[in-house]
Amino acid sequence: MTTVESQLRTVEHADRGPLSRDEMAQAIARDIEPGSYVNLGIGQPTLVADHLDGDSGIVLHTENGMLGMGPVARGDAIDPDLVNAGKAPVTELPGSSYFHHADSFAMMRGGHLDVCVLGAFQVSQRGDLANWHTGAPDAIPAVGGAMDLAVGAKRVFVMMTLFAKDGSSKLVESLTYPVTGLACVSRVYTEHAVFDVGADGVVVRETHGTTVDALRERLPVQVRRLED
Amino acid sequence: MTTVESQLRTVEHADRGPLSRDEMAQAIARDIEPGSYVNLGIGQPTLVADHLDGDSGIVLHTENGMLGMGPVARGDAIDPDLVNAGKAPVTELPGSSYFHHADSFAMMRGGHLDVCVLGAFQVSQRGDLANWHTGAPDAIPAVGGAMDLAVGAKRVFVMMTLFAKDGSSKLVESLTYPVTGLACVSRVYTEHAVFDVGADGVVVRETHGTTVDALRERLPVQVRRLED
Amino acid sequence: MRVLDADAAVADVADGATVLIGGFGTAGMPFTLIDALVRHGARDLTVVSNNAGNGSTGLAALLAAGQVRRMICSFPRQVDSYVFDDLYRAGKVELEVVPQGNLAERMRAAGAGIGAFFTPTGYGTVLAEGKETREIDGRAYVLEYPLRGDVALIAARRADTAGNLVFHKTARNFGPVMATAATTTIAEVDDVVDAGGIDPEAVVTPGIFVDRVVAVGAEQRIAAREGASA
Amino acid sequence: MRVLDADAAVADVADGATVLIGGFGTAGMPFTLIDALVRHGARDLTVVSNNAGNGSTGLAALLAAGQVRRMICSFPRQVDSYVFDDLYRAGKVELEVVPQGNLAERMRAAGAGIGAFFTPTGYGTVLAEGKETREIDGRAYVLEYPLRGDVALIAARRADTAGNLVFHKTARNFGPVMATAATTTIAEVDDVVDAGGIDPEAVVTPGIFVDRVVAVGAEQRIAAREGASA
């Protein structure tokens, strides 16, 4: 990841297609420093775990009260009392620890996690996040730990498709979906490109199967190159 | 203690002298219900422990992080890592538990202790407590857990002499010493009498070596009998 | 602390009570105590729990019995929350959604004697609408208040006769926090050992927070859980 | 987490830093780390600790070396706090007295991301003068703010290579809270075992809160303590 962090110019990989979900997960894994404490939320971001180097010393947190979470449990290893935030059975690694919910969320809210990876409905150019509610009037609201994760980690990465099914960009000028957290996302990984977002607006770090100029045609936000 | 709690009339023990310190401690011990969780502060109130019935199931809390504290340690039983709030070596009883300072004071502040027994410089008729600072200009201020204990327990008992060395009453209309806590004391044990204090003013529960009328001569506060 | 059977343990839960129920999904859910509360029949309950029931047992059974007037939780909607979903859509149960960490911290505040606290979680969202906010050291916070229970029903691995509890893996979740936040805390456990049978350094919930213990047995706990997933 | 020697562990403590130092009297005081901090020589420190030193070793030695500009503590005055007493009366050290539970809760808030909290402790006393107050549900509270450290120096019984800590009896006291409240937490321990060598259910301070560990050995710890009481 050192190379990525010290990256000075936007890299355009136009000679290939967009990233697959696994390749997105791999790209995120590559950007997580060895020794980091990481929360992978639920759903797609949990794929990142498959791409973490076992020797990296990266420790996974699950907000239901555990550090040192191991892979999903199978067969006899399944213990219904050992589950992740998505309530799937998991395993424990040597050096793990258990704690109660107030301590677990104090750990998150207190900024002790290095990285949190979340899915999203929308991310704004300044890093506002919408990922908990579609706003549909008949939906039963359910927030879980989404708002806590959004404001808690030192760096919040979003993993999402760049465009919704109707073709609209999920990277937006201002959120139209209900807010999860304001100015909390630092980086957005999509199949077409990786973006930094925040007070300075949107910067394209790399593209996959497209170019910055081509993206500009399709996105409702101004984007810059790293070298701009 | 059932008899004491259901007491309807003030009892005057005029045919004996004032209570000794040990008798005061015994009187307090008698008023603590079996199964109570109790903090005995530091100094004189710790004498109460010597008078608790071993079968009473009363559990002692020490604010430096322990429930189930046993007697003072002697000889080989001394462990410098196992001390009470006065930093004297103590022992642990079966069923004890250790916890950190934030948890210990959460336990106190949250009202989980049934009784706390404290010393005092002054107690006001409405139950205000002064026990942390003489107000002397050259004294180095030091509060410890006094203010936390004052506001935390369900019932705060004070154990003190009724009169200061200069003969003035330590049971007062309004505090002249710096406040530890407001309206927090429920009962005051002295060598001459036991008082209830609070919103209804001062009620004498019992006297030792004196009478209610004789106390009225010496006290700067109005006192009532239980039956008044 | 008293060791009771489940029916005796919940016998004084009053109509209209606020009941804190442990568990994250089914991990740490006190099935035996909830079953007893269904038999007891207390109504108009406000239930605080992370979820709003799974399948048809446990909290879902309490909801199905029509005993719950209001749910306070972080994540009601789940693949198997059909009992709650139907009641909610029919207008038969009220819902207050609270971010999971605020839910835990509000109960922690109740147990710790904190009058209110400023939390960054939820600031700028619909869940903070109408709430007091403040900027402190350049960060925006929402003021949240304690959440107290009349009763807490929790599940632990083991108790000793002093009421100390230890838990099992992520089934710990809300149990220790709820134990501090309720007037009366009732724990179902696999077994009860003598005082001294739990290492004082490893106690998770000190006995001061536990009023009643119901010894369920590991077998019955597993059976209840399997009933839950059936 | 890195395992270092004591001098390397404190080498980057800056002049003017806020240093949280564990211990209740000498129980849980990190003598080895404090000795290293004296050798290191960082000055103008703000030290947060329950007391203000005992005898002439540990925190008292740091004070005697003139490295402390300001003490934040609950109970400076003790039978053997003569080093602090003399410095204070000579106007060579500032003092902020904080009720013990507020001290612990302010550090807990710092570690837990709480912006401020309303506590009943201290209301109506000189220690709350000038502070914001509020009545909530009929009770009076004072608003208190987080207390953060640049560095925490604590003593624990044992670490594993994942940085998890367990403590020893009442020497636990402020250690776990301070570990959460500092940018860099340094723990001296009797020994370091492999990951897995501490029961995950019995971990008191998870490794996420521990940056550096110094393995002191039980013998050296006892020697340091005896030096302290000499």
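Note that the chains take the letters A, B, C and D in the order they are written out, and that residue 1 is the start of every chain.
Note that a contact is a pair of C-beta atoms (placed from the backbone, for glycine too) under 8 Å apart; a residue touches a chain by one contact, two chains touch by 3 or more.
Chain by chain, the UniProt names read as follows: A, B = 3-oxoacid CoA-transferase subunit B; C, D = 3-oxoacid CoA-transferase subunit A.
Small disclaimer: the values here were computed from a predicted structure and weren't measured.
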Interface copy of B-D among B-C, A-C or A-D, with over half of contact pairs matching by residue number, is A-C
Of all chains, the one whose CA centroid lies most distant from that of subunit A is B
Between subunit B and subunit C, the Cα-mean centres are separated in Å by 35
Distance between the CA centroids of subunit C and subunit D (whole Å) is 34
When centres are defined as mean Cα positions, the distance from subunit A to subunit C in whole Å is 30
Note: subunit C residues in touch with at least two other chains are 105, 108, 112-114, 119-120, 167-169, 200-201, 204
Residues of subunit A that touch two or more other chains sit at 92, 98-99, 106, 108-109, 151-152
Among line, ring, star, complete and other, the chain contact graph is other
Contacting chain pairs, sorted by label, are A-C, A-D, B-C, B-D, C-D
Subunit D contacts subunit C in the complex at 105, 109, 112-120, 134, 136-137, 139, 141, 145, 166-169, 199-202, 204
Given the complex, residues on subunit D that touch subunit B span 24-28, 50, 74-78, 85, 88-89, 95, 97-105, 107-108, 119-127, 140, 167-177, 204, 225, 229
Seen from subunit C, its contact residues with subunit B in the complex are 108, 110-114, 160-162, 164, 180, 194-196, 200-201, 203, 206-209
As the complex stands, subunit B meets subunit C at residues 37, 59, 61, 67-68, 92-99, 106-113, 151-152
Within the complex, subunit D is touched by subunit B residues 62-66, 79-83, 87, 92, 98-102, 104-106, 108-109, 133, 138-148, 151-152, 178-182
